[in-house]
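Beneath this line is the structure, given in structure tokens, with notes to follow.
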Amino acid sequence: MPVQVTVWNENVHEQEEQAVAERYPDGIHGAIADAVAGDERTVRTATLQEPDHGLTESVLADTDVLLWWSHCANDEVTDEVADRVVDRVHEGMGFVPIHSGKNSKPFTRLMGTSCNIKYRHGGETERLWVADPGHPIVDGLPESFEIPATEMYGEPYDVPEPDRTVFISWFEGGEVFRSGVCYRRGRGRIFAFRPGHEEYPIFYQDEIRTVLDNAVEWAAPTDGSEAVWGEVEPAEPLED
Amino acid sequence: MPVQVTVWNENVHEQEEQAVAERYPDGIHGAIADAVAGDERTVRTATLQEPDHGLTESVLADTDVLLWWSHCANDEVTDEVADRVVDRVHEGMGFVPIHSGKNSKPFTRLMGTSCNIKYRHGGETERLWVADPGHPIVDGLPESFEIPATEMYGEPYDVPEPDRTVFISWFEGGEVFRSGVCYRRGRGRIFAFRPGHEEYPIFYQDEIRTVLDNAVEWAAPTDGSEAVWGEVEPAEPLED
Amino acid sequence: MPVQVTVWNENVHEQEEQAVAERYPDGIHGAIADAVAGDERTVRTATLQEPDHGLTESVLADTDVLLWWSHCANDEVTDEVADRVVDRVHEGMGFVPIHSGKNSKPFTRLMGTSCNIKYRHGGETERLWVADPGHPIVDGLPESFEIPATEMYGEPYDVPEPDRTVFISWFEGGEVFRSGVCYRRGRGRIFAFRPGHEEYPIFYQDEIRTVLDNAVEWAAPTDGSEAVWGEVEPAEPLED
Amino acid sequence: MPVQVTVWNENVHEQEEQAVAERYPDGIHGAIADAVAGDERTVRTATLQEPDHGLTESVLADTDVLLWWSHCANDEVTDEVADRVVDRVHEGMGFVPIHSGKNSKPFTRLMGTSCNIKYRHGGETERLWVADPGHPIVDGLPESFEIPATEMYGEPYDVPEPDRTVFISWFEGGEVFRSGVCYRRGRGRIFAFRPGHEEYPIFYQDEIRTVLDNAVEWAAPTDGSEAVWGEVEPAEPLED
């Protein structure tokens, strides 16, 4: 069975800034979709502007892993769609918020924290170090790689202590950041990945594409066991 | 400085069921408040029926640890008050949801999961085992203790993997449950404690009172460090 | 590439107790090997009595996942072989200690704790509840299953807080136990599974075999990234 | 009751290198002891050269928190003393390995991993960022602080995923490191702190002294509950 991937993008910078439109002629979602395509994958895209933001019950029911890019329009996502995404994660859908997707309603609701950071524009160098070389999300990567120009994110990153810290970034301006962190919520696997600012051609970089590709593989749901909730009869006889 | 404790209770069963009213003449909140009182504590109570459910900005600002009992009226708590509680937890307020307080808006928002369980009424025996004998919440407890009659909660408990699993319960009817689990969200310490069904005099039981008393001590905020979020200047000179 | 599995057994009870020998005519290792066999697997066995306990450098180098049953002869495993196993786990070999394999030198060295428990012989009922229904180790299992007669293990279980708590057991005699717990040490995945006492035909039970089979799949190594340790040159120019 | 602190130092560089002897005329242990002194503390020191390395059963029995500095002589610590330290941690003694104390026998035995890192001499700048501003170990600290000249440690740091990641360091040469990490093993709290290279006057720096002082407070044992291990009678009647 192919892994069914949906790449969601707010798709606003591409409409409003010519440089972004030229950098990503198929949208950031198009570049991400291209990065995660493969023989064992079906990949579709969805954007904020579509009805239900393109994330209907039916689309989500057919999605194994949802990659999510958002930034300036995080507040425009409806509560209903955000809760629908959260519910599907609980059911097992993998969720990969990218860059300021960390501020999205689905991610902050799944974390239960502010997800605050510090940041700086300007195009400095970032070096991502693999902190967990045994993790499947780093399969095939070198021990570190650089993004030559990016927006900076700095600690403290107000998220729950991660299940696994996969990447830690070094920034030219003096900050550090946990750039790849893993969680589980319900049955769903979550990987929050920091890079991907719209002002730079980051989604064309090989290492970034490898990470996203590996993340899809890692986040895809597995069967697990039955779970019974609600009122139940005793398994053992009760004393009167 | 005394620890400032607020005990919140929906206070509905006490109004609607005579047996509960007789069991807890000062309300469940009164019994909990009595359990956590002490020389180094100021303890007040608040209930659903008060304006802002008794949890105004001012009350929360003066609260170090909030204990929370709720059950049938979880949905009646306003979103505004729920978010206010969540925000104060992020700032450092300790939070101790008790029994079906696990279904409260503040707790489920802090967890990011459904917090589902299985359950059964009927008054069976529960035995709480200490799984983490080095934890301060179990100071002075025996290795296990029994509640002679209680509602059952059973696994799977749909919460994030706990930071620490303090208690695991055995039930006469054949189920198990992680009855005391610890988390941190932002600066706030959270301890979710299972026992405390309104149909039984559980809050008069010594071990239960010891747990709640210890939990207040454990959950009280500490200073921590400064945290700077938002746009920042570089700490190191950037190349042009 | 098939997953290369080695099943290690101290193989002492089978030699010394006729009932065990009759129950497991191919040894406990034989029964476990049968449970984890499959088209995409190569499975071999090794025992305490062989040179190097059958765990030479060469055997371990060709082992993706090592299942380990031990009990009365834990102390007879040489330090050299124990360290060799630990080193291979660090390199990525999956490790599945079963039953009192929790007291083995490799497991206690990987945990850094006493791994103490309480226990009782006598053949009581155990019911394993799935605490983590989204975990791949429970693929295809019901929400709980019973072992009709077993030795009891009870909390507190002196291990580090698990990465994931997969099973929690209920015992007829009133105890509970975290019967399936996951860790990572270095690149290696570890799943410690409680059941499997030699006095009962537990390794012929379908659910147990499913767990072991799933555990092999889960614990098999993945590639990960390069890791460089030791003295290194700077990635950035240093000021004089 | 005062917290009873023991500061252990291998005390070799001070004997062999004049610059270190001049920098730390009372030994590194002397400087650390001075940093953690206080009205509610008794502080003593012990070194490798003493009988039993100064860590007799009696000394450890009277130690609430052990701070540990070691480097070139890690292998000279006897297995017996290392195990004695580990056992006391299990019983509740706090343990604070400093700098290359991460390579000490007690710490590596408690972690169960190699504790490998990359490193570089030369005296570059390190900036420690607080990743967990709600942690008591950072009470009173700014959000970051610099060590003007130090040895570098770089990721990957081969330790188990920490319970809490308190500090992450940025290095001038381009690396990052989790410089303050918390664990529990048995009843004992462990805080591994990276800074403290002997070639620089790091233990005279205010922020470093504050961290060590806070770490002692955090790592001091609490009572906890009783723990019963070994063979036990059933709490519930067993069927025949």
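By written order: A, B, C and D. Residues from 1 in each chain.
Keep this in mind: a contact is a pair of C-beta atoms (placed from the backbone, for glycine too) under 8 Å apart; a residue touches a chain by one contact, two chains touch by 3 or more.
As the structure is a prediction and not an experimental result, all values here were calculated from the model.
Contact with chain C and chain D alike is made by A, B.
Two chain pairs are in question, A-C and B-C; the one with more C-beta pairs in contact is A-C. The copies chain A and chain B differ by a rotation of 180 degrees on their C-alpha atoms, rounded to the nearest 5. Here the spacing of chain A and chain C, counted between their Cα centres, is 33 Å. Between chain B and chain C the centroid-to-centroid distance comes to 36 Å (mean Cα coordinates, whole Å). Multi-chain contact residues of chain C (touching two or more other chains) are listed as 127, 130, 133, 143, 154, 156, 161, 163-164, 174-175, 184, 186, 227-228, 235. The touch graph of these protein chains is complete, with an edge between every pair of chains.
The touching residues of chain C, counted against chain D in their complex, run 86, 90, 109-114, 116-122, 124-125, 152, 154, 156, 158, 160-161, 163, 172-175, 183-186, 227-236, 238-239. For chain A in complex with chain C, the residues that touch the partner chain are 92, 127, 130, 133-136, 138-144, 163-164, 184, 186-188, 221-228, 235.
Contact residues on chain B toward chain C in their complex (touch as defined above): 127, 129-133, 143, 154-157, 161-165, 168-171, 174-176, 178.
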